[in-house]
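Each of the next two complexes has chain A plus one more chain, namely chain B in the first and chain C in the second.
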Partner chain A sequence: MTEAKKYFTRLGDGSSIHMTAEEIKADIEAGVADAVDRGKIDALTPEEKQKIFDIVTMPGKIVGVEPGKEIVMSNDSGAYKINVKSGIPISVDTEVLIYERVLGCDSVDVGNTDYNYKTAKGVAKREASKLKNALNISIMPLFYGAMPNLGFYTKPDGPVDNWAVLLPEGRVKESMDAQEEAVHHAVRDIVYVAEQMNDVGADGFQLDTSGAAGDADFLASLKACEEITRKFPNMGVEIGMAGEFVLGMHGKLKYNDVRLAGLYPHKQVKLAEQAGASIFGAVVNTNCNKSFPWNISRVCTFLKACSEAAVIPVHANVGMGVNGIPMCEILPSDMVSRADKAIVEICKLDGF
Partner chain B sequence: MLAAGMGGVRTAGDLVLRMQLAKKMRINEAKAYVAEKLNVSLEELCDVVAMSEVREDLRIGLCHVEPCNLENNGMEAKFRIAEKLGITINSVERFKERSGIK
Partner chain C sequence: MEKELILKEAFDSVIDSDEDKAMEVIKKAEEMGIDPVELLTEGFSAGIKHLGDLFGRGEVFLPELIFAAEVMKMVTTEIESKLEGGAMAKKGVMIIGTVEGDVHDIGKGIVASLVKTNGIEVIDLGREVPAQVFIDKAKEYNADIVGSSALLTTTMTVQKEIEELLKKEGLRDKVKTMIGGAPVTQRWADRIGADYYCEDASEGVKYALEYLANKN
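== the complex of A and B ==
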């Protein structure tokens, strides 16, 4: 008896594996079922599952979308991937031009290497100056970007009690009060930074990794977005998420009467719209112990529901460890290009 | 980028993203809007060869320019993009304010 043909693919941690067609199909079914169960959303159709199978097993190291289905890209990198992460000593405005004229990006965000608004606030005018230099010499839209990162407002570095310390001690009320107070500090800082960036003519403002510290973190992004879009209508806001599910660190916080804890992307996007965001950055987590077929099927189920619910453009975050991309620093183009193709062609997203 | 992207100023990706940011247009609406404003087909909009000529003719910035006195990149290209797409570009407005044009 001949052994069944095996196809090269990867686990969520990036390590290579080989799977038979039957194993791949079983993982596609399981990934879709997991998203349906968690998100209470519709399953992919048999044709869409077959398309995922075709993409996973497609010959070629790198695959691409069908002509006419190209999308655009926003960014949450801070424009320091070349000068800081790769150690190539160039200025930020030069890095912006490399993104524009060498890499063919549609946009990039300028940001502080300590990528959060609490830190950016202290040097906001200098950050704005950096952005202004880049805006004068570039063509594509430029954002200013950072994370709300609510955890930075806790003692000893910040002004409020640390809810991660209070909760294990059973001090629930104090924990909730601390988070609510942190939201006020964060919104004030974010809007202050936004004002400096609008003053030099930023095209967009990126609230990256929203919800990283839970529902209060997401609330800070929504409230800041609301205020920024009201005060600075010519500077669009992108809300990019931290994960697929808003953690209920507080548990009772609401925005426009909707409880934030437990929301999945198809419901998160509706709140981003109400807050005035121009673009929503959707995230579905990668499970390191599961195969790429399992992960990308789950991702497509969630993102298709999100795209169908959305009125505004949705950009899928296709960075390390999210939306089917393996959890590793140096990304394998084989799986990245397959994730890109599946997300664009099945979920009909507007960008990455 | 190679697998799925429009390629920024290589084609018209920067312009399509501007319409998403400024008018919250979804991808197909934004592409159709930009194609109409530039008087090109949707196929040409994502074609690097066709769009290089269009961008050069309209002087709205290119990724690779043979240096000459007609070269338009940076702020001067954005003035033309704002007019061509019928949108307000924040940095163009600041430039006008601070240079005394407005």
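== the complex of A and C ==
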């Protein structure tokens, strides 16, 4: 009896593994089932599952989307991946030009290296000047971006009590009050920064990694988005998420009568729309212990439901540890390109 | 059958964070002659474990978990007061903390609460704990288990440092190590020589109880 053919793939932490066709198919079924169970959403069709199987087992290290299915590419993290993160001494406006003219990106967000609105507020006019310089020499739309990051508003760095300290002590009411107060501070700061960016002609404003500090963090993004789009209607707002469901650190916060805690992408996007967002950045977590076929099938099930529910464009975050991309420092192009192809062709997303 | 119903009521009282109901269940169980330790582990503790699982799925939120933990604390104290000698025998000691450079301690806190409610003394070192502190505290408390949590690929290396320091200090055979966190895997545990990889809080409790039961 000959041994079944095995295909190269990876685990969620990037480790190389080899799986038989049967094993891959079983993981695809299990990944879809997990998303259906958690998100209470429809399963992928047999054809879509077969498509994932084909993508997983496709020959070639790097795969690509079919011609005509190319999508736009936006980039986050403040245009400091080349200069600050890679240590190549160039200015932000030069980095923007590299994104535009060398890497072929469709947009990038310019932001402070600390990448949160509380820090950006103190230097907002200087940040706006930096953005203006970049806008003057580039063609593609530029966003200003940072995280709402409510954690920055807790003591000792901020004005409110730290709910991560209060909660384990059983001081639930105080922790809820502290989170509600932090939302107020964050919205004020975000809108102030947005005003400075609108003044220099920013094309968009990015609320990145929303919900990172829980449901209050997501609420801050929604409220800030609502106010920004009302005050500065010519500047689009992108709300990008931190995780697949909104973590209930508060648990009772609502936006337009919808409880935020526990919402999965297909429901998050509807609230982003109500808040006036122009783009929604969907995120599904990668499980390090599961295979790429399991992870990407789960991702496609969630993202397809999100894409079908959405009226506004949905851009998937395809960075480390989310949306099928392994959680490791150097991202393997074999799985990144397969995740990209599956998300575009099955979930019909609008951008990355 | 009646015992099963009581255990179910105990389970539900924790799920509902209903302290009055929990106290009523303890009273009823006493009248029926049900072993209080069984009531705690099979009823109340099973409830909080289930809540931990629901939290991981986004179906239950942190304040609800905290309320339930408060009920557990009350229940544990009440049951302890009814036991001969006044307290349940301590099953062992566990040192737990989030490693240096890492501020993420929600998951670690949940593991600590669940382990504690299962009769194991927990020394929670908090977050951003240097490797050496894990070792110092393991010595100080004569720990059976050293648990560490890391949520970042850049901080999980501290778990390896803990393993190395335990060997250096001659403690490696005296304690079992348990590791967890989003980027942590069984393969990482194998690579650094950790004894247990825990995917979630329930697994942490399971391994701790199994190890201590065999040891004692």
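Annotations
In the analysis below, the second predicted complex is superposed on the first by the 352 of 352 C-alpha atoms of A that agree within 3 Å, B and C clash if a C-alpha of one lies under 4 Å from a C-alpha of the other, contacts with A are read in each partner's own complex, and residues count from 1 in each chain.
FYI, a residue touches a chain if its C-beta (ideal position, glycine included) is under 8 Å from a C-beta of that chain, and two chains touch if they have at least 3 such contacts.
Remember, predicted model here, so these are calculated numbers, not experimental data.
Contacts of A:S77 after superposition: neither chain B nor chain C is touched.
Of the two partner chains placed by superposition, A:S297 touches none, neither chain B nor chain C.
When the two complexes are overlaid on their common chain A, residue A:L11 makes contact with chain C while staying clear of chain B.
After superposition on the shared chain, chain A has more residues touched by B, the comparison being chain B against chain C. In the overlay built on the shared chain, the residue A:N136 is in contact with chain B alone; chain C does not reach it. Applying the stated contact rule after C-alpha superposition, one finds that A:A164 touches chain C and leaves chain B untouched.
Judged by the touch definition given at the top, the superposed model places A:T119 against neither chain B nor chain C. Once chain A of one complex is fitted onto chain A of the other, the partner contacts of A:V172 are limited to chain C, with no touch recorded for chain B. In the overlay built on the shared chain, the residue A:A261 is in contact with chain C alone; chain B does not reach it. Comparing the two complexes, no residue of chain A contacts chain B in one case and chain C in the other. Of all the residues in chain B, the ones that touch chain A in their complex are 1-11, 13-14, 16-18, 20-22, 24-27, 30, 42-43, 46, 60-61, 63-64, 73-75, 77-78, 81, 88-95. Of all residues in chain A, those touching chain B in their complex are 62-65, 67-74, 100-107, 135-142, 198-204, 234-236, 238, 278-279, 310-313, 336-337, 340-341, 344, 349-352. Touching chain A in their complex are the following residues of chain C: 57-64, 66-67, 69-70, 105-106, 109, 153, 182-188, 199.
The touching residues of chain A, counted against chain C in their complex, run 11, 13, 15, 38, 164, 167-168, 170, 172, 175-176, 214-215, 244-252, 261-264, 285, 288-289, 321, 327-329.
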